[in-house]
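Below you'll find the structures, each written out as structure tokens.
The two complexes that follow have chain A in common; it is paired with chain B in the first and with chain C in the second.
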Partner chain A sequence: MLSVKNIIDTENLTVADVNLIMENTATFSEVLSRDFKKVPALRGKTVLNMFFESSTRTKNSFEIAAKRLGADTVNFSASGSSLNKGESIIDTVKTLQSMIVDLAIIRHSDSGAINYISSKINIPVINAGDGKHQHPTQALLDLFTIGESFAEFKNLKVAIVGDILNSRVARSNICLFKKMGMDVTLVSAPMLMPVNMDCFNVKIASCIDDVIEETDVLYMLRMQFERQEKKYYPSIREYNSFFSLDKKRFMKMKEKSIIMHPGPVNRGIEISEEVMENEDEFIERIKINRQVTNGLAVRMALIYLLLASDQLEKEYVH
Partner chain B sequence: MADNFVLLNDKDIERIIKRISHEIIERNRGSENLVFIGIHKRGVPLAERIAANIAEMENKVIKTGKLDISFYRDDTIKRLKPAVAITDIPFNIDNTNVILVDDVLFTGRTIRSALNALMDFGRPGSIQLVVLIDRGHRELPVRADYVGKNIPTALNESIEVRLYETDKKDMVTINVKR
Partner chain C sequence: MFTEIINKKFPAKDIKAPESLIIKNIFIPGKTPNEDLAADILIEKGIIRSAEGIVDTCGIEFDYPLYPGINSEKKHVLGISSNGKAAILNAGGLTCSASFTDMHVHLREPGDEEEECINSGINAALKGGITAMCCMPNTKPVIDNDCLVSFIKMKAAKSDFNIYPAAAITKGLNGLEITDFGVLKNAGAAAFSDDGKCVQDSKLMYEIMRYAKYHEALLILHEEDYSFSAEGAMHEGYYSTKLGIGGISPLSEEIIIARDIMLAEKTGAKVHITHISSKKSVEMIKSAREAGINITCDVTPHHIFFNDSALKNYNTNLKVNPPVRGPEDQEALIAGLKSGVIDAIASDHAPHLDSEKNTTFIKAANGSTGLETLFKASYTKLCIEENLNFLHFLKLISTNPSRIIGHKAGQISSGSNADIAILDTKKQEIFDVRNTYSKSSNSAFDGIKLYGKIICTIKNGKIVFLDF
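Let's look at the complex of A and B:
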């Protein structure tokens, strides 16, 4: 069983939790490869999807994951809700909880919002991304994707490239990757880095060329223009020259290395059009679509495990 | 009487598997269109052993698969447990004659779950059930087509099947819970 009741961040997961999640993800990955992709494990359970911030892949991924487990889903979106009438977030969440749901999946644009909400309600909560803080399901699906390409996590060289400052994906991934023994390097410019870098305890490089030849996993972050209150970088051309993956750099990489990106990709900024449209044998090494597919399996595993832990606890109480 | 009583030893189990292999070929007039699916966890090695016997007798390749039924149990919500067993049915079961294999037949609920799970994979021509031990106490109208040994039991007794592949030795014991 998981040691946590909610999935808020990757920091509080133990290595045993992570391994359990990976094992279950493999099981659900098999379910997703069947012709009939649904199992009735959570029949009669209801999962609430609350997105206070826009999302395509995460929201749909969670909804499909819950449905493939046989659970019912309720979708809440902030626009058109009573939030417009002035109802507070906590009251909104409690109202929906009163409709007897078993688990809530929440995304919010404020860092820490999910932790706060989870402390006010008594059902398990999964953080689907909160501000610049954490996006734990992304980190777990990334880990699973890496596990498909490499025999073990220990000492794998990972380079996380780009907008670290605004990225919740970076925060979740750095923590999880280090927990599993990987060798993490951040590649970014000072203005795209948080002020206190020591707390991450990782290596830092200032140009992608410094690490490209020895990297096993090249993790490109999206430039988060919507979170950048001011312009952090002089020009896209300058960004390209230090941090983008183009064909020339791609060819310098190790034969077995892989490329990842949490999506959506800003083509021509993080990864060049040429690499994205790559039709040759190297296409297998670009894992962006595989990440999305694995996201489904990871989310199925998390929903299943959280409701399982929840159930066990109830049994012990009564 | 001792708390643990050995019902079958390794030789007994070997004879039973041989006998059932012959019965299956006899009933199906050969091995045409037969596929074997073992239920996790001890149905899997049993299915593989029977299939290996039949492959030898008939001199051809017999397909085997594994089925994990945890997501299909009628008490999943009460007994949710982390799933680690992987279902692996690497062939199409449409119109095949499926030989479903499990170690112990008890309430019949596992078999009910397995039938539901199989139906999600396709539409078999028929399904026949093999069990090593039938211990009675059915709660659903389920019966086995091939039975290794019928053991009438009391509810406070438990049957423990050990197989070489999973437990390093072949043995079936009956244990009394005090």
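Let's look at the complex of A and C:
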């Protein structure tokens, strides 16, 4: 059983929690490779998908995950809801909770929104991304993907490249990767880097070339132009010369190293067209699509663990 | 209030508030050696007649005991003579001080009376031992004309309370056009402030200072460079990074303070910088004063009580502007109060509706209520935790802010106005915002154990707040 009732951030997960999630993910990953891809473990349960911020891959991933487990799903999106009539977030959430659902999956554009909402409702909550704060299911699916390529996590050299400042993926991944003993280097420019990063026990590099040869996992962040209120980084040309993965840099990398990206990729910015075109050829190395598939398995595992443990607890009480 | 208390207890007797008040057995810091050798204070017609030695109360008896004693030995803590001429308050060794002055308060009237109004603000102030305050002009409409200044003064006079309105520096706080300083000053504006906003245009600020100097007007400045603060909601540091909340660098405040020190030096204007928050700000003000520049400053209780680590659970009641900063800044502010660089403590009482605070951190409004905790919170931090001399502390919340806004501060000596706060400095209580007299309950101190309890507030010789 997990030590937490909600999945809000990666910080509060214990190593035992992470291992349990990884084990369950492996099981569901196997289910997903079968012809019949369904385990009706959560039949009769209802999962509420609340996306206050737009999303396609995460939202669909959660919905498919819940359905594969036999649960019913209810979708809520902020546009067209009573939020437009001035209903407060908390009243919206409570209204939907009153429709008797068992689990809420929430994404919101404000950092801390999930901490806030989960403190006000009494069903388990999974954070599907809150502002620039956390995106724990992304971090867990990334960890699982790394685990498929390497025998152990300890001392793996991970480089996270790009816009750390605006990235919730970076915040959740740094925390989880450090927890699992990896050696994390951030590659970024001052205006894309938050202050006091040194307190997070990571190394810092200023150019991808400084780390490219020794990196096991090259994690490219999305250059999030939609999240930058003001653009301080000069240009794509400048970005390409310091942070982009092109063919030349790709060839310098270790033979067994892998490339990851939370998607969607800005072709020609984080990763060059040329590398992306060869995605199939380097399928063992470029893990971007594998991450998406693993996302499904991780989310099945989390929904299962939260609801199943909830059920176990209830049975114990009665 | 006194008459109300009496009439409630003894409805049959139509007793008027007595002209004289005798406070027995009270410890006057700096005057009486200790609580066991406490003195008496005799007040007649709102003026302290005697504050040394023992007042002879022969002939006056406690015919109508109103409250039981604080402890079993001291019966009849408050009583009144049968001829109705004098009231006697046995303070039982409690401490007294000149009542406090809060030079930075948002009363929300006119415009946002559901958050606070002048009367509810006055009640909260009295509960906090405060009898004079300076209110900020960011109301709806903005206090940028003489009618509104008169309106505030009139309302305060009705409640027999000293409100010193600050009028806006620019029309509608637009940061573009200077208000009618002369007309406003004549109507009773005690200071000029665009609080909550900051004039970004340096040339305009220069003209404002020249004009303030010409009218001998006090400027109370909220210092913020919007280009640094626009994307942020808390102090830029470890916690803003961890929480994913946009950071506000201390540079936001420091750059404007540096500018305004230069402008103050050039123009000779009387400048008061309000709610400073960073270490560098303290240092700059210190050297400006050493260079003889006419500049004063204050800090809020929440900036010395908390640092940004207190926001780790996204506590919206501590979302304030400027933000509470890092531990080093917090220490520098405390040191600044001790050394005298920082002149005053002001609450920045900023009431907000629950709906503005009960939301996500980013969407929540800035500000905390503070009138009722001005004394308690700063006393707990400075005198209990930091061992600041109590007399020095009293200057920070009474003498100095009064001097800056031009209020004749009370003193505990004969001939002074009887504006007095009676304090139980040893009492420790959890501050529970549900008991607030303010209309709003967004206090950063809710649920925190604080030392110091205001037992009684006396304004012009009348008991206006009493809580045994």
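Everything that follows uses one rule, which is that the second predicted complex is superposed on the first by the 310 of 318 C-alpha atoms of A that agree within 3 Å, B and C clash if a C-alpha of one lies under 4 Å from a C-alpha of the other, contacts with A are read in each partner's own complex, and residues count from 1 in each chain.
To be clear about the criterion, contacts are C-beta pairs under 8 Å (C-beta built on N, C-alpha and C of every residue); 3 or more make two chains touch, one makes a residue touch a chain.
What you see is a predicted model; the values in this text were computed from it and never measured.
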Touched partner set for A:His108, first chain B, second chain C, both or neither: second
Partner chain(s) touched by A:Gly147 [first = chain B, second = chain C, both, neither]: neither
First, second, both or neither for A:Ala308, with chain B first and chain C second: first
Which of chain B and chain C A:Ala26 touches, first, second, both or neither: first
Partner chain(s) touched by A:Lys38 [first = chain B, second = chain C, both, neither]: first
Partner chain in contact with A:His133 - chain B first, chain C second, else both or neither: second
Chain B versus chain C as contact partner of A:Gly263, first or second or both or neither: neither
Touching partner for A:Met197 - first (chain B), second (chain C), both, neither: second
Set intersection of chain A contacts, chain C complex versus chain B complex: none
For the chain C and chain A complex, residues of the former touching the latter: 230-231, 236-238, 240-247, 313-314, 355, 358-363
Complex contact set, residues of chain B against chain A: 68, 70-72, 76-78, 80-88, 116, 120-122
Contact footprint of chain B on chain A as seen in their complex: 1, 20, 23-24, 26-28, 30-31, 34-36, 38-45, 69, 304-305, 307-308, 311-312, 315
Of all residues in chain A, those that touch chain C in their complex: 88-90, 108, 110-113, 115-116, 130-134, 168, 171, 194-197, 199-200, 229-230
